[in-house]
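In the two complexes that follow, chain A is the common piece, with chain B as its partner first and chain C second.
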Partner chain A sequence: MTASQRELLESIAAHAVILAAVAFSLYPILWVVSLAFSGSTSLEAQVMPVPTDPTLDNIREVVGSTRTEVDGSQIWLFGRQLLNSIVVSIATAVVGVAIAIPTAYAFARFEFIGKRGGMRLLLATQMFPAVASAVPLFMILETLELLNTRTGLVLCYASTSIPFAVFQLRSAFEAIPTDLEEAAMVDGATRFQAFLRVVLPVARPAIAVTFLFAFMTAYNEFILAATLLNDERAFTLPVVLQRFIGEYDARWDLFAAGAIVVSLPVMLLFYQVQRHMVAGLGAGGVKG
Partner chain B sequence: MVAVKAQNIVKRFGEVTVLRGVELDIPDGAFAVLVGPSGCGKSTLLRLLAGLEQVSEGKILFGEREVTQLEPRDRDIAMVFQSYALYPHMSVRRNLEFGLRLRKTDAATMNQRVGEVAKMLDIAHLLERLPKDLSGGQRQRVAMGRAIVRRPALFLFDEPLSNLDPALRTQVRVDIRKQHDELGATSVYVTHDQVEAMTLADVLYVLEGGEVQQRGRPIDIYDEPRNCFVAGFLGSPAMNLLRAPLTRAGELWRAGEVAVRDAGHFSKLRPDAEVILGLRPHDLRACAEAEADLHLEVEVVETLGPELTVHGVLRGDAQRQPFIAALPAKLAVQKGERVPLRVERLHLFDAATEQSLR
Partner chain C sequence: MRAALHRRWAKLAFALAFVLTALGPSLEARAEEPVVLWHAYRGAEEEALEAILAAWGGPVEVLAVPYDAFSTKLESTVPLGEGPDLFIDAHERLGNFRERGIVAPISAELLARSGGAEAYNLGALEAVRFEGEAYGLPLSQKCIALYYNPALVAEPPASLEAIAALGDAPDWPEGVYPLAYEARGAYAHAALLAAFGGALHDPVADDYAFEGEAAERSLDYVLGLIDAGVIPEDADGALVTNLFKAGKAATVFSGPWLAADLEGVEYAVAPLPVVEATGEPMRPLLTVEAIMLSPHGAEKQAARELLAHIAGPAGARIRAETARSLSARTDVPPSDDPLLQAFATQAAQSTPMASTAAMRAVWEPANRAIRKVLRRDLEPKPALEEARRRFDDVRRPPPPPANPAPVVVLLGMLSLLGAGALVHRARKLGGASGTLDALRRSLPAYAYIALGVVAVTVLVILPIFFGAGAALFAGKPHEMYYVGLANFVAILTARGAPLLSTGSFYVVLAVTVLWTVVNVFFHLAIGVALGLVLSRPTMRLRGLYRVLLIVPWAVPSYVTALAWRGMFHRQFGAVTGLIHAINDLFGFSLEPIAWFSRFSTAFTANVATNVWLGFPFMMVVTLGALAAVPKDVLEAAEVDGASRWQRLTQITLPMIAPTMIPAVTLGAIWTFNMFNVVFLVSGGDPDGSTDILVSEAYRWAFTRDAQYGYAAAYAVLIFLLLFATSRITDRFMTGSKEDRA
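Let's look at the complex of A and B:
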């Protein structure tokens, strides 16, 4: 066998393995897509994930859900629920990252009493499942009259997203050479200006990732949302989705259609944010 | 332009004392070099001058103004970092403008100054690039430019050449000295490289163990090192330092084998004391047998073009301490030869205190 023949064979083998891996991970998703666009409500197992009687009815039904209020007016329920999810997730990410940035910077750059213990404590909070705090959170929100509100949900999500965000951002700040801030301070900046004009821009990729992570966690969260919300006008999308699979009636076709609609904002956001995550932005400022 | 004085500077990090009562006295417009091995405290001293660290004790004065407690930005200084510390998210132009923008300089002045500096350092064609797209030498020039463009009273350099390859280093060293002479500002330059120290300095400080071992013009320190550390640190190849008994026969003093011909220069000679004899490789001359002070038994000969670095041991040295002589290449010394050497100049140090006996 010549060298070029061997290269060809290796290439074929490698592509076969990659294709198998892709098929393996994409198959369930294709199956959901097929289900969402199928006309029949039956859930028969199909080997090939191709829609039968292709239709947009399921999507229309999910997206077009409405509710008649006591006063007789109609509201677009799905729109409201989508807005809930997006507002809550963005607010969670903004609040979480805004609090995590100065915290992480302090952990990365300053010496203070309780620094090591504080970091450990933050990490320890990550070991408890969210559901463990569901009951106390419910009681706190009830006292504050924040049940069934976006604010209440944001408060809960932000507080749980902060420890991980701090952990992630601390590593990012530690990776930025202190020379950069010192150069800025010698150049005439205050410590805060050095942080604002040099550290933050250099850490932008890490901040974008942290933001995205906090957003997605909040966007996908189900257990707390299901516990803290019982008014369908306040639902976030995961709760809406779950409602399609009722005790007596499982509407998998609507569930699949909903799953696709719900995924779209995340995909859009991911596409937007990834531009900020371009590797190597931080490279070249200091000689390594 | 400003004179720099530091009085009794002590710096401690927790339990560790890094600087122990350092005094600096750098005249206005001088190029001062702080040189010493790693860990001697020279970079810490520079950071204290910059205001990036706070002194534990002592005072720092720029001219008549005490700056000990001032923030870096209030000291009217610029610093070139070993890592260059260019802002990676800003173009070269923005890097140069950074300090001016913070000081709310108007756009016209800013443009003019950036233009001048870019021309001076030959980086005008790089202004719109990001630091990551520059070579090491270009980054170094941008870092210099960022310091110069602000027109500070004092330049601080923290080993600015150590990331450059040797050929470039020599060239940039000359450039730095030229720019210093043109700008007329005071410069303080930290290095562990004795060639940089010798060539750049008007005033040289040799530091070791958190203390100034010697201050002076480079050539004076080279010629008359105050102690064994300074003697061994400056000069390449390094001074040979040998333990020997000091003896006296009438007016003739001898340190081991070697006659101390200019004994009058040494004010602190005591007979029968143990001394350290210092011989610079370049202060040895090959001579006729009758004139010889020493005999070098040659082990290795390195050819450097104009001269030879001859490694060996001295005849009669029971401890066989390594010894180096720098001899003209035309002598064609061979391995295994025994070369008679005349001592042109010698240094004597107290064996216990390691201080010069001058």
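Let's look at the complex of A and C:
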């Protein structure tokens, strides 16, 4: 066997492995897609996820929801809720990352009292199941008068995303050679300027990844959003989707249609971020 | 320099404030304060409510809450004086609402205004009454009845035996079940149980009653129906609906909610049949949907008026016409709608569900016992005895109050120890002046971390701290009292049961550890393998593959987890389809697998789902780690004659390890507490054996009598286990090196 033949065989094997993995990752999604576009349910044990009686009705019903306001005007409710989801998630990511960046930088570059304990505490926050901390969280939000506001929701999401973001970013900053900042400071920049102008641009991929994680935390969260928000017009999409599950019955077709629509913006975001991601997460791998 | 820094921070803070105000509440306060009404209605019922509200003049703020979040939302707002003035919910949750102070009684004057007690069906009004006071006004009644497909059965069969005999007819179509209903659930089974003279709950003693000869006979009867092929064995609500819609079930037992799904399908409804074996009719459980007042709503004139309006005769008529819901009013008789007629007859032949805490604690043991019997894991008698023990276990008396003195002493000792540690630390830093110096040197760092510390402390650490504190308390939600370590003792001693019995802390812990190890192994193996293949320098279509492989991460996991559950359905799942296809192709005779009836297969189904959800994360981490491996090292090794395997195991893997180990740590912690997948895919089946610690905690908090203190103790134990493990591995990994964390 020549070298080029071997190369070819290996390449075929590699693609075969990847294609198998792609099939594994897409197959369940195709069932969701098929359900979303089905007009009726098939009762055969099918292997291939093909919609029965293909229809766009489900998508139309989910996307076309409207609401009549007190003054009689109609608003496009789904559009409003999609906007809520995107605004809340972006705000979460912006706030979370903006808070996590300086924190992570301090943990990476400075020596200070409480540094080791702080990192340990951050890791420890990930260990306590949320089921037991939900009720106190509401009482705190009540004290801060943040119930029923999207601000409260954003602050909660952002705070929960901080520990992971700090782990992520700290390693990214640690991987950047200190010479870069030192050179800038020799040239007259302050530490903060060096951090802003030299370190942040280099760490951009890791920041993009952290941003995406914080975005995802907020974008798919349901319980907190449903509990905190008291106005239909302020709802985020996961809350809207959950409405299709009732006490006695569930509209799975609508839920699936909604899930497909909901995940489209995320896929687009993924596509944009994935190039950064490969360099980003590697540099910013979590360190415990 | 410091001034510049301050200005930067001021700018950042300003930007943050801007983002936050932009998101602030968009509703302006109105002159006339609207009445706030919450409901979980959908579809026609929601339309009916809107029509009723339109007929009322005053301002109303309506909120349709997802059913899953309805109770949580009420429990977390009303006791704080927030939330709705009025809300609509099923009467069986009233007991819970009363305990939590969520609901206020309806005054005699208000009842009179809505027509007086005689305007309501006695049973419906009785269902919302406690100690002589009504805690809500009945709106509609819901129970199951018999739906039949006139194309398959012309007349409603008179008895259950007649339904069972349908399949014996010579021209009976292939693959059509004479009957389908949720046989595995206690709710539907209660109707059959009643025909045998049994009940789930004894209202007089307020106690579990699903035991004895009647209960055993009813279960044997269902086994007979399954053996004769009369009913499908694993039917959930969605499957029952689909079978009926597709003409694959001649009759089904279901409630009024099914009718909404049957547009364009020919059907008719009749009362549930008689069971010839006993000569008694089936008698379903009745749910009364009622409109309730919150304590602060009760003080509002407008809220009380709206309540009377919604519950009044005009409202009942609109609900009957628009949503075909069965009114609970005597002055609004069911119209000539045959569906309403049938449900009215059935409702008169029904048992209102009890709304006590004991009733709520019946469901889980009863459901488990029924499933166990139908899977033939256990005979009815021992299964029901086991259910009784489980019920008693959940309803065991709460631990006695304890003296808080020991914990005060302990806290005092801990703070002394802490102070000692601080002093020790300060000494190491060179006494008071050294400590001050060190603090001064720390100041710039503190400026950077200040915001993060505040946010995480207030919204992450404080809730955890208080949540953990609840572990020392027990009792009803509003009367919690200090019990010391009693909750921990109860968990760690398996509440007196053998330490290794099903559901004990140690067994569940073993399952959780197995769950974590298996998942993390597959996440890592698949993630690293795909990462290695994808980072081959000659790989084409890399970007496309990357996005496609990340998809499991992007779609909401709630729906994908349920898609996985559907794929594992024994009769209609894709996995079964695959088995059939393999049989056809190769002439094998593989049997379809009942995935959720054995621990091994149910656990496998959970793992398959969670591996699918989690491998993209590991893959991306690996890709990133690989990108940082310097090429020259690998090339040098190749020149030195290292084989590809040697280069992988001796250079690449050791080089990516530092980045991977911490990712694995966090991944393991998340997997340990990954409650969604277990809850949505296997739901703990069979018999709670696939539950992990966190789903056990969840059940104690929400389905078993709201024992928050007990659930919190579980959470604390989970935390302590994880924390200890991470400290030990940390020591082990870093060896003699300075602790990195």
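Heads up, the rule we're going with is that the second predicted complex is superposed on the first by the 236 of 288 C-alpha atoms of A that agree within 3 Å, B and C clash if a C-alpha of one lies under 4 Å from a C-alpha of the other, contacts with A are read in each partner's own complex, and residues count from 1 in each chain.
What we mean here is this: a contact is a pair of C-beta atoms (placed from the backbone, for glycine too) under 8 Å apart; a residue touches a chain by one contact, two chains touch by 3 or more.
This structure is a prediction, so every number in the text was calculated from the model and none was measured.
**Student:** A:T66 in the overlay: touching chain B, chain C, both, or neither? Say first, second, both or neither.
**Tutor:** A:T66: touches no partner chain.
**Student:** Classify the contacts of A:Q272 with the two partner chains as first (chain B alone), second (chain C alone), both, or neither.
**Tutor:** neither
**Student:** Quick one: classify A:E247 as touching chain B (first), chain C (second), both or neither.
**Tutor:** second
**Student:** More chain A residues touched by chain B or by chain C?
**Tutor:** Here the partner covering more residues of chain A is C.
**Student:** So, A:T151: does it touch chain B (first), chain C (second), both, or neither?
**Tutor:** The answer is second: A:T151 touches chain C but not chain B.
**Student:** Would you sort A:V262 into first (chain B), second (chain C), both or neither based on which partner it touches?
**Tutor:** In the superposition, A:V262 touches chain C alone.
**Student:** Looking at the overlay, what does A:T190 touch: chain B (first), chain C (second), both, or neither?
**Tutor:** both
**Student:** For chain A, give the residues common to its interface with chain B and its interface with chain C.
**Tutor:** Common interface on chain A, chain B vs chain C: 190, 193, 280-287.
**Student:** Would you tell me which residues of chain B are touching chain A in their complex?
**Tutor:** Interface residues on the chain B side: 50-52, 71-73, 77-79, 81-89, 98-99, 102-103, 130-134, 136, 139, 146, 150, 156, 163.
**Student:** Give the list of chain A residues in touch with chain B in this complex.
**Tutor:** Contact set of chain A toward chain B: 177, 179-180, 182-190, 193, 197-198, 201-202, 204, 280-287.
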